[in-house]
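Chain nomenclature is as follows: A, B, C, D, E and F, assigned in order of appearance, with residue numbering initiated at 1 for each chain independently.
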Amino acid sequence: MPDDNPKTELLDELENGPWPSFVKEVKLAAQTSASAQDLLRQLELSYQEKKGHWKHGGLVGVLGYGGGVIGRYSDAGEQFPNVAHFHTIRVNQPAGWFYTSDALRTICDIWERHGSGLTNMHGSTGDLILLGTRTAELEPTFQELAQAGFDLGGSGSSFRTPSCCVGMARCEWACYDAMKLCYDLTMAYQDEMHRPPFPYKFKLKCAACPNDCVAAIARADLSIIGTWKDEIQVDESAVKTYVSSGLNIQKDVCDLCPTKCMAWDGHKLSIENHECVRCMHCINVMPQALRPGKERGAVIMIGGKAPIMQGALLSSVLIPFVAADELLDTVKELLRRIWDFWDEYGNNRERIGELIQRVGLPAFLDGIGLEPVPEMISAPRDNPYIFYQARKDGEK
Amino acid sequence: MPDDNPKTELLDELENGPWPSFVKEVKLAAQTSASAQDLLRQLELSYQEKKGHWKHGGLVGVLGYGGGVIGRYSDAGEQFPNVAHFHTIRVNQPAGWFYTSDALRTICDIWERHGSGLTNMHGSTGDLILLGTRTAELEPTFQELAQAGFDLGGSGSSFRTPSCCVGMARCEWACYDAMKLCYDLTMAYQDEMHRPPFPYKFKLKCAACPNDCVAAIARADLSIIGTWKDEIQVDESAVKTYVSSGLNIQKDVCDLCPTKCMAWDGHKLSIENHECVRCMHCINVMPQALRPGKERGAVIMIGGKAPIMQGALLSSVLIPFVAADELLDTVKELLRRIWDFWDEYGNNRERIGELIQRVGLPAFLDGIGLEPVPEMISAPRDNPYIFYQARKDGEK
Amino acid sequence: MTASAEPRLTDIGPPHYEKYLHPLIKKNYGQWRYHENLAPGVYCHIAESGDRIYTVRAGTPRLLSIQTLRIFAGLADKYSGGYLRFTSRNNLEFLLDDPARIEPLKRELIALGYPVGGTNNAISNIVHTQGWIHCHSSATDASGLVKCVMDAVYDRFTHEDLPAKLRIAVACCLNMCGAVHCSDIAILGVHRLPPKIQPTLTKVCEVPTLIAACPTGAIRPATVDGKNSVAVVEQQCMYCGNCYTVCSAMPMNDADNDGLSIWVGGKVSNARSAPKFSKLAIPFLPNHPPRWPEVVEAVVKIVEVYAQHARKYERVGEWIERIGWPRFFQLTGFEFTRYHIDDFKHAALTYARSAHVRY
Amino acid sequence: MTASAEPRLTDIGPPHYEKYLHPLIKKNYGQWRYHENLAPGVYCHIAESGDRIYTVRAGTPRLLSIQTLRIFAGLADKYSGGYLRFTSRNNLEFLLDDPARIEPLKRELIALGYPVGGTNNAISNIVHTQGWIHCHSSATDASGLVKCVMDAVYDRFTHEDLPAKLRIAVACCLNMCGAVHCSDIAILGVHRLPPKIQPTLTKVCEVPTLIAACPTGAIRPATVDGKNSVAVVEQQCMYCGNCYTVCSAMPMNDADNDGLSIWVGGKVSNARSAPKFSKLAIPFLPNHPPRWPEVVEAVVKIVEVYAQHARKYERVGEWIERIGWPRFFQLTGFEFTRYHIDDFKHAALTYARSAHVRY
Amino acid sequence: MPVFEINGKSYEVDEDGFLQEPERWNHEVATDFAGTEAITNLTEEHWKVIDYIRNYYLEFGMAPMIRKLCKETGHKLSEIYNLFPSGPAKGACKLAGLPKPAGCV
Amino acid sequence: MPVFEINGKSYEVDEDGFLQEPERWNHEVATDFAGTEAITNLTEEHWKVIDYIRNYYLEFGMAPMIRKLCKETGHKLSEIYNLFPSGPAKGACKLAGLPKPAGCV
């Protein structure tokens, strides 16, 4: 181990203050890792110069896989030879980010042998990220991980590592088993995850209720958002308990219901369930009194993404309701059709949401064989530019 | 007068039913007008064939004017020689569409001498429309109208005939004198109205309060919508009278206030005026109790139009408030700048609203020398594609 | 014909409105205090001075003969001191200072066939356009449709029993002369075939203008007989007719394929909610003159469902936003089709971008 | 290093989550009845069976060394039977069956420097990205910004006294890895100069891909030394960096011109209102490591104004929609500039299209 | 198709009197049409406008926009109306032998 | 710039070993690079893929999209990974002498 301690005046400042410090973490790693030391040094330089020092992404990986590793080289490799290569390995996290202490230690041990000793718990997509190693270490790291039961996640134009909320494991509102669905889909598409087959990345996230604790709607090409079809389950006496312990049910619940479909007459809460849009607010406020209905499943939404390149998209409704026990089959069939269409018509680096924008939702629905339903839209078109389908002359 | 009565089996059906019949009107005119007779015949043919019989618009007019007449020829001129030419004359209506019986009769007499005897009271833009005459009659009709104090309205790429709501003439909510402003602007831009100088049409409408009884927001390139800046005037006792005569003030007023800035405690109506968006609803419901404030003027909005060609536009806020007595000058100065910009940058057949869309509102504001204010937008941008203005290297 | 004897007059502008104002209006101009709705079609404005002006409103077909205008003039002389006006929706208004004349005027109007009403929460007159009466672009006849629809909703004009104002408009082509795009209910004439390019094109049209006129870029330059002409990529054409507007050699009219679409939920007032565009309710109904039964039935259906389900003060669009579009289609029984889903420029913003779903 | 001795394994997927579930969770899986918030960072889920699982949540910097991970593992062994998890916002959660262990665990976490909190109406951990730690595109450092901002709003993590949840995100470039575009407050690294085309371009880049990558069409084909290359129309460039993503010869980083923008009012939950995008609050603040005082000040300002003015349950975006954007700018004192007005594709839909104005 | 006859010549025109045989145009044709647009005598100023429009049309296939016409000929719009009482579109373009312009001039 | 040396020849490459001298490429170069991508022997099947990619690149200036590659060479994606263990982008494109592809194959 090199023993000259990096000089990091600017970074040292970030060890002050109450929030846990990432600088402290890098320094900890630097006790046993030369690359963590050089990382500190290079980062200090970036702080001085207000400029990053990484070169444009590399293309490295493990045999038989087309993704799972983000190649990275320093543009100051001579100055900081231990981060001249500093590739990141994306490890597919266990669904719900549950671990045992042993599992964590196993990962630590492998990473101590092969990399910088730094991790992200977790990456924004959901992967467990092993931050920084050399090309030669990739294959050994990968195989040791595999022996320990871990595999790589996605990168590039692949099916990206799906993620899910904690769902049934520890949440009373889960309308379907998000962790199981996430796991099953991950297993079903190992090939698509590891050998990028698509025009661009494809992300999938499972949130077991409309609170969407995994931000699926904003970030996933396919979002599976739990919901229910029947009536909110009400425990009258618990409602009264909330009220008597100070909840202003009119103001804090009824008035904030987006469709105003709840009424409180001072004694009884009534809900016009067919007006309820399943927003969760009332349930969130009174978890002990209200619960999602019993006929549970999910709404399937499509097309969420960040701004590049035609602007960010929020996901939009594709199937308004799929019963919980039909989710796996339905999603698989749906993915097959969506990917076929995308494969056929998608441009290079065009996310599915952008493709739908480009060809129009009606054409996309035709392509994947879904009937249009009004739940897919917030309102019908307001422009009269209708592509009436071709009629032959004389025909009606 | 030709005396063979047109056979109009299909049209005759439209003399039945309680609503006043336009067919009856054409038949009335046909009593004295050969062209009205042929119009009936041609229209009957259209009803049989489900197809119009007018040729693509003509280019006819009166000397010294580039607009005010819509040229029209029949494609069945041999069959219906009296509508072979059937041009329409747009006569600039008096502001607010007020007439005396004499004025109406004067028009009728002129039109009896020179045209079909048919009119539209009024066209959608607001003109008094004289429906159908021959090219040779245009100039004499025009001059007789002029002698009677009437002039032509706009057509083509001109300043179109402005129109306004009844405003101060008969409405308690008028926040500025819409009829006067409409008249003054009409007089100020006679040249722009009669000699098309623009890339495309430019419409202006004056509504003296946000009820917008002249649909300005949807149809005018420049809309002047009356509003007030200070507090709604409240007559407490009148409020109580409404309530005691059965108005459910909570449900019908407070709950429908878009910003919920009104509260009724059973005795007193309180308004958080700085939250009020001047929607008019509460005032509409209780005209005897509530009135617009005393500091009156208008919000100036820009860009409304029908769908051709980039889709319909609703007008958007350009100046959030102009005091009533500054309106004429402000609008004139504004029009000068807007038209200069449009002249410089507008494409052929590009409405001002579409130009703003194309170059972006910030560039347009720069061009006309207005500062951006947040009232112009419903929300700031959500995409990060910001055209930061040019900085030289090194500069901050 | 004497006009030519006089010196030629131009740019004199419209007559000054003051000349046409009832003396009571001139006196109380800008000094009105409030108004009362006395009966359908009749209202009274009370001035700060205590003066009262009474308005009687009657429906007209807008297309009026000079014969009828003279009758109106006569009525004005008889009842309102010769003062009358038209409204922004082509209704006729008599301005009376004597309330005793209201009933006689009403009776005479009704006897002449001009219904009194259209005020307050009524269906007012239909804003409309030229149609086969005068326009080259029209896919239908506007006046005829108006007559048929108003016959069917006549009682809604003479009564004020709707939840709120309901404004109908008709336009005979996508140019939408009028305010079809912001109406509670709109009837819009549509073409459904691409333009049929005529051989005269090279003589009568400006090719670059024509190409620029197509919103979807369906018109491409082409050479015909060695001359600059155009071709239409038919799949890209959505039949807007803008090419025809700029070039007579691109006619669109087609008896079998022209027809009507129905739109709902627009408004222009700022009352309560912001102004809204009308949204597609029915993509296509056939042109069936003289009575257009399918169109009339559809409009009546919307009006009745709205009257039954909307809350007080709720305009059509506000009502639908509250209950949601799926319910609108359920209640009316209208079919939801691919055409309802926007696929023009801002389409993606009309997709349902939340998990808010009603079941 | 023994891995190579074993047969090569591929496509085994992640470990099955069941292996890592606390026995009480396995037993009550899908059978939770409700939850209670016991204290900031501590909650309890009660199962139909009556079983209770206690969660203690602690903040982490996300970037964790194996040294620290081993400490966490040790804590789990000591307090929670070895079971722990991470949240979707990079917090750490220990799962306890014995409420008596909550306080000792909290104490030990706090002593180690890991604050307990982030639940309920708190500011939770900041979702963020790589920054200068690992990414080539970054206009700033993500981890550093997070540290500075969390130091400043620390009490808002350990207390739950905001009107509603407040979610902050940082992304170091316009790719927005994370959920910056839908956050209550977002800090976004921005470039402000066009890419500087490198001579190596013709060797290292696919020119057609590069041209297609520009959202505004600012990249045009050009011939350089007889080879296919590109030129950038600088007025059309809005510095998104997508060209650099596909072509290393178009670097964007620039010490003087890179910096931060601040966005507000986004959300992803469907609670009450639909999910929303974040909107621009401050177009540019300078990059001032190591403490970014301007950024910290701006975020604190937003948080404090929000805390003071919003109603209970109102997320930042819901609050601003209620009071209107003009008031937001007044209350925060942020300047409203031309940059706030959208001028990208759907810009016109963000204009104020009604006469609804507050004064 | 209507025909416009003058001085023993006849021209194919549309209903509005616009020449339908673009290839036949020359200054003589313009002079023939002048009377239909209330012009008694074509001056140099007229020719400047006519030739500008004609050349623009030959180059771009359309009539120039009004602001361009004014800028390039140095005339104010009112002056153009003085020269061509029926206006630039109906008057000047007709004399320049253009098809009926689509709303530009 | 790094250099890749083999059999006495040396090639300019980037960090990931992609050839930076496009004009030098020929089958021999491909053979030289094969070893770096865990390929011992270039078969006809390999050449089919390499040549297709190379020709596509020469025509369009970019690597083909993966679905096109599979369609045109008749290989399933898994077969391409069998031929080129480091995958179509890193393996096949490198042997075909392309610059590092931008996310397509």
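The rule is simple: a residue touches a chain if its C-beta (ideal position, glycine included) is under 8 Å from a C-beta of that chain, and two chains touch if they have at least 3 such contacts.
Worth saying up front: this structure is predicted, and the values here are computed from it rather than measured.
Hey, how far apart are subunit C and subunit D in touch steps, shortest way?
When the steps are counted carefully, the minimum from subunit C to subunit D is 1.
Quick one: which chain's Cα centre is the longest way from subunit D's?
E
Regarding the subunit A and subunit B pair, does the interface count as same (over half of residue numbers shared) or different (under half shared)?
Over half of the interface numbering overlaps between copies: same.
So, what's the distance in Å between the C-alpha centres of subunit E and subunit A?
A distance of 66 Å separates the two centres.
Using the average of all C-alpha atoms in each chain as its centre, how far is it in Å between subunit A and subunit F?
Using C-alpha averages as centres, the distance is 33 Å.
I'd like the Å distance between the centres of subunit B and subunit C, where a centre is the mean of that chain's Cα atoms.
Centre-to-centre distance between subunit B and subunit C: 12 Å.
Based only on mean CA positions, could you tell me how far subunit A sits from subunit B in angstrom?
From the centre of subunit A to the centre of subunit B is 50 Å.
Could you check subunit E for residues that touch two or more other chains and list them?
If we look for residues of subunit E contacting two or more partner chains, we find 18, 62, 100-104.
Mind pulling the residue numbers of subunit C that touch at least two other chains?
Subunit C, residues with two or more chain partners: 174, 176, 181, 209, 213, 215, 240, 245-246, 248, 256, 266, 270, 275, 277, 344-346, 353-356.
Among all residues of subunit A, which ones touch two or more of the remaining chains?
If we look for residues of subunit A contacting two or more partner chains, we find 55, 63-65, 191, 210, 212, 217, 225, 258, 277-279, 307, 311-312, 314, 348-349, 382-385.
Any two chains that touch count here, so list every such pair.
Applying the touch rule to all chain pairs gives A-B, A-C, A-D, A-F, B-C, B-D, B-E, C-D, C-E, D-F.
Which residues, counting only subunit D, touch subunit F once they are in their complex?
Answer in residue numbers: 200, 203-210, 213, 228, 245-248.
For subunit D, which residues count as touching subunit A in their complex?
1-4, 6, 8-17, 19-21, 25, 29-30, 32-35, 45, 53, 55, 59-70, 72-74, 76-77, 82-88, 90, 92, 95, 113-115, 127-129, 131-138, 141, 143-144, 146-148, 150-151, 154, 157, 174-182, 209, 212-213, 215, 240, 242, 244-246, 248, 251, 253-256, 258, 266, 268-273, 275, 277, 287, 289-291, 312-313, 344-346
Under the stated contact criterion, what part of subunit A meets subunit B in this complex?
307, 311-312, 382-385
Give every residue of subunit C touching subunit A within the complex, in rising order.
Within the complex, subunit C touches subunit A at residues 174, 176, 181, 188, 190, 192-193, 215-216, 234-235, 238-240, 256-257, 261, 263, 265-266, 277-281, 283-284, 286, 322-326, 328-329, 336-344, 347-348, 350-359.
Please name which positions on subunit A make contact with subunit F in the complex.
Those residues of subunit A that touch subunit F are 55, 58-61, 63-66, 71, 73, 85, 156-157, 191, 195-200, 343-344, 348-349.
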